[in-house]
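Listed below are the structures to be examined.
Shared between the two complexes below is subunit A, which has subunit B as its partner in the first and subunit C in the second.
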Partner chain A sequence: MALNRQIAYIDLTTGDVKMKPIPIEIRKLFLGGRGLDMYLMYNHIEPGIDPLGPDNVVFVSAGILGGTLASASSRTHIGGKSPLTGFIGSANMGGFFAPELRWAGFDHIVIKGRAEKPSYLWINNGEIAIRDAGSIWGQTVHDTQQIIREELGDRDIKVLTIGLAGEKLVRFANVMTGMKDAGGRSGMGALLGSKNLKAIAVRGTMDIKIEHPEEALEYNRKIISQITSAKVSQTQGKLGTPFIWGATNTQGLIRVRNFQLNQLENADEVEPEALEELATGMAGCFGCQVHCRSKYIIPEGPYAGVYDEGPEYTSQGAFAGEPGCRSANTILVGNHLVNIYGLDNLETGSMIAWAMELYEKGILTIKDTDGLELRFGNDEALIEMVHRIAKRQGLGDILAEGPLRAAEKIGKDSIKYLIHVKGMSNLHSDERATPALALGIATGSRGADHLRSRPAIDLYHLPESVLRSIYSQPVPYDGPLSSDYHDYEGKPWQVRWQEMCYEAVDCLGICKYHTVFLGATLPSFEEWSELLYYNTGLELSPLDIWNVADRAYNIERLFNIREGMTREHDWLVDRYFDEPTKLGIPNIQGRTIDRDKFKRMIDEYYQHHGWDENGVPRPETLQKLGIENEPSHML
Partner chain B sequence: MGISINIHPSLRHLTNEQEVVQTSGSTVGQCLEQLVAQFPDIKEGLFAKDGKLLDYVTVYVNGESAYPEELAKSVHDGDELYIVMMIAGG
Partner chain C sequence: MSEETTSESVAKGRTYGAFRCLNCFERVTVPTRTKTHKCPHCGFEWRISWIAPDFPRIRGPVWDVNRRLAEEATAKEKDGRE
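Let's look at the complex of A and B:
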């Protein structure tokens, strides 16, 4: 059955491997994926440990619906204490790894200690071996996967791996599967690198028994229709996620030149339609009908002829908007480099854009850059800095430390120009005109982020009746809701609701593009309850699934508080409040976030969570969710 | 009575800041044609060169998405249209 997958504990220091079943009681509390990983993290990571030391623990998992008949049940989660922020580390990626992990008999992998020499894990139909990684240490993300497949003699093996950046402990190194599926944020690649763990290879042929197969198939037919009949899915299948960047840039809601401007003007060459012309086709993840992944061959320059996949809208931000560049070729090259080095594109682009502003302001000099004219719009300097960060060369070695540590090393006024929350750089959007999105950025549990809480549909101008139908279930809500994205009222509830939405699908293992993230008509709690029952037999109501998400989110909060997080961390840098937007359409220009209103938003957001005025979960909130005795060490 | 079109905030500078514009017609397309007739500059914010709605623009009719019929979708007197733009913030 779908619930008989095990949890494996691997100690890289001793070589011990243990396996345990996952009790049904814990399944009902946390389901799987990110939710159960968060429970494990809170239980297995001791407070105050060095994120890059042997005491940190890595958690890799599939969602509870991974590899079943549920559409887009492809997602892999990876967690641990973040080397970037010191708070929760957590990242999620698509592709084919998680289903393979389940077919190999496992839902969760817990990795402790540190291997004496470079190693990788080989997980094959219920068995786990620690193997020598001498032949792949130093190899790119793409080559590593190929070498492992050849070494083990099976081309269907799926590999999760780090690149050079992870080996070099770049604090925003990611983990990758396939060509472009990245667990990007919070530095999980550095965590693997610190353990001398290059990769995890999996292969499985163990069937997952679907509990009610005919009903599961029939219900998924409905889900497929629901997804493919939404315009947003069709647009994504045609243009990929770059359509979002294009539409948003048209408005003036894109972060440009670090955070000095809010629109990339004269950007025709990097608009989604221009990138579409360079794409050689589209691809999809396991069980997905949207197919939002572009395939491309770099058209010109030193990398001409190289094949890769993407770019996502995040690479448009990283290699166009933020550094002020306007070349499609540069985006494709930058995207390729972060893919092979295993770097988070968002953090990479942000760090370089920040360094460019420091250079133009004279805080960094040409001596600091070893002769590189690190100015906005300098494509060659941008690409060169990607190499230097991955290899930790010169200034790249400083930037590889991430925002706060780099600012401390550079000194002067450099911290004033950092655009970050909780020590994680913001993504490529500008939220000064959109308080709901600003609140999501400020309060995201892993730092500035769009994938933990963003109420993206707030920008759509949906009728209030539509918003009401979405945001008043499974938990009743009769407070204010507004179709106007400039408003402050009602937005804290939208952020709170989206947090639960994203946490829930991260427990289920379903892609967010199949949810109320970009499409108001896409599946939500009601549908997930049905999918869960037909595929696994677990009977959880939509409200039960909400409570699973709430439980996991509170565990994340508890973890962060234990590591020193306070209300001050749920805040934005001064530029959001003090420097008005300059470009864009008329109703976007001249916008800042109002400090007092924003404080009240945070108060309201805490109230919706059942947290006190300092953002600490109230005892009654924890009791209601049954987590008042955590860490309980049940697993 | 007519058919009202709620204008997306990012397009209101093209409708003299009018939030709601009254039109008439028997399809979404006809109503939008009337909107463009009143405010010609809004056309570029709604339509691609091939005459279809832009990839990130869609219309809701009485709280329901008009997609996939979109411009061909029938409307009636008293209906309320919303111009929805999938900006998404990324």
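Let's look at the complex of A and C:
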């Protein structure tokens, strides 16, 4: 059955491997994926440990629907204490790894200790071996996967790996799979690197028994129709996620030149349609009908002829908007480099844009950059800095430490120009005109984050009746809701709702693009309840699934509080409040976030969660969710 | 299997052959294959791309026109506030 997959505990120091079943009681409380990983993290990571020391623990998992008949059940979650922020580390990626992991008999892998020499894990139909990684250490993300497949003699092996950035402990290194599927944000690649763990290879042929196969197939047919008929899915299938960058740049809702501007004017050559002209086709993840990933061959320059996949919104932001560049070729090259090095494109672009502003303000000099004219609009300098960060050379070594540590090393007024929350750089979007999106960025559990709670449909000007039908399920809500994205009223509930939405799909293992994230007509709690039942036999109502998400989100909050998080961390940098937007449509120009109103938003957001005025979960909240005795060490 | 979910109910309001103006949020119908179009409600001018023959999308602003309109609108609003 779909619920008989195990947890494997691997100690890289001793070489011990243990396996345990997952009790059904725990399943009902946390389902799997990110939710169960958060439970495990809170139980297995001791407070105050060094994130890059052997006491940190890596968690790799599939969602409970991973590899089943549920559409887009492809997602892999990677967790641990973040080397970037010191709070929760949590990354999520598509591709084909998670289904293969389940077919090999496992849902969760818990990795402790530190290998004496570079190693990789080989998981094959219920068996786990720790192997020497001498032949792959130092190799790119793409080559590592190929070498492992050749070494083990099976081209169908799926590999999760780090690149040079992870080996060099760049604090925003990714875990990667395939050509471009990235477990980004919070530096999980550095965590693997600190353990001398280059990769995890997996192959499985153990069937997952679907509990009600005919109904599951029939229901999935309905879901596929729902997804493919959505306009947002059709747009995404043609233009990929760059369509979001295009739409928001049109209005003046993106971050340009390290948040000094909010629109890249005359951006015709880097718009999604321009990138589409360079694409050779689209590709998709396991079980997905959207196919939002472009395939491309770099057209010119030193990398001409190289094949890769992407770029996503974040690569457009990192290699066009933020550094103020207007070359599609630069986007494709930058995207390729972060793919092969295993770098977080968002953090990389943000760090370089910040350094460019420091250079233009004279805080960094040409001596600091080893002769590089690190100015906005300098494509060559931008690309060169990607190499230097991955290799930790010169200024790149400082930037590789992430926002707060780099600011401390550079000193002067450099911290004043950082755009971050909780020590993690913001998405390449500008939320000064959109308080709901700003609240999501400020309160995201892993740092500045658009993938933990962003109510993106707030930008669509949907009628209040539509908003109410979405946001009053499965928990009744009769408070204010507004179609105007400038409003502060009612938005905290939208952020709270989206948090539960994204946490829920991260537990199920389904892609966020198949939810009410970018499209109001996409599946939600009601559909997931049915999917869960037909595929696994678990009977959880939409409200039960909401409660699973709430439980996991509160565990994340408890973890962060245990590591020193306070209300002050749920806040934005001064530029949001003090420097009005300069460009874009009239609706967007001249906007800042109002400090007092924003404080009240946070109060309301805490109240919706059942947290006190400091953002600490109230005892009755934890009791209601049945987590008042955590960490309980049941697993 | 339930009959109609919230998402399905919301989907009934979907329209084709039109886009929502990103400045004034009014729905604007455009002739097929049009490449630029001025919003009849607010005057903003957009470059249009087509996801499908009945599915237009705003590709971006006509930069110089919209910059001028935005500056005028902002100046007017500023005057009003003063």
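Note that in this section the second predicted complex is superposed on the first by the 635 of 635 C-alpha atoms of A that agree within 3 Å, B and C clash if a C-alpha of one lies under 4 Å from a C-alpha of the other, contacts with A are read in each partner's own complex, and residues count from 1 in each chain.
Methods note: contacts are C-beta pairs under 8 Å (C-beta built on N, C-alpha and C of every residue); 3 or more make two chains touch, one makes a residue touch a chain.
None of these values were measured; they are calculated from a predicted model.
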- Once the two structures are overlaid on subunit A, check if subunit B and subunit C clash or fit side by side. clash
- Query: Does the superposition put A:Leu437 against subunit B (first), subunit C (second), both, or neither?
  - Reply: first
- Query: Of the two partner chains, subunit B (first) and subunit C (second), which one does A:Ile244 touch, if any: first, second, both, or neither?
  - Reply: first
- Does subunit B (first) or subunit C (second) touch A:Gln589, or do both, or does neither? second
- First, second, both or neither for A:Val466, with subunit B first and subunit C second: both
- Message: One more residue to check, A:Tyr313. First (subunit B), second (subunit C), both or neither?
- Response: first
- Query: Which partner does A:Ser229 reach: the first (subunit B), the second (subunit C), both, or neither?
  - Reply: both
- Is A:Leu522 in contact with subunit B, with subunit C, with both, or with neither (first, second, both, neither)? second
- Task: Kindly classify A:Ser429 by the partners it touches after superposition: subunit B alone (first), subunit C alone (second), both, or neither?
- Result: first
- When the two structures are overlaid on chain A, which partner does A:Lys112 contact: first (subunit B), second (subunit C), both, or neither? neither
- Pick out the shared contact residues on subunit A: the ones touching subunit B in one complex and subunit C in the other. 229-231, 235, 238-239, 243, 246-247, 250-251, 460-461, 466, 469, 520-521, 585-587
- Message: For a test of understanding, state which residues of subunit B touch subunit A in their complex under the given definition.
- Response: 6, 8-10, 12-13, 55-56, 58, 60, 63, 65, 67-68, 70, 80, 82-90
- Note which residues of subunit C are touching subunit A in the complex, please. 1-2, 5-11, 13-14, 20, 22-23, 25, 44, 46, 49, 51-52, 55, 57-61, 63, 66-67, 69-70, 73-74, 77-78
- subunit B partner contacts - residues on subunit A that touch it in the complex: 229-232, 235, 238-239, 241, 243-248, 250-251, 253, 272, 313-314, 317, 427-429, 431, 434, 437, 450, 454, 456-457, 459-463, 465-466, 469, 483-486, 518, 520-521, 585-588
- Item | subunit A residues within the subunit C interface of the complex | 215, 218-219, 222, 226, 229-231, 234-235, 238-239, 243, 246-247, 249-251, 265-268, 271, 273, 460-461, 466, 469-470, 473, 516, 520-524, 526-527, 530, 583-587, 589-590
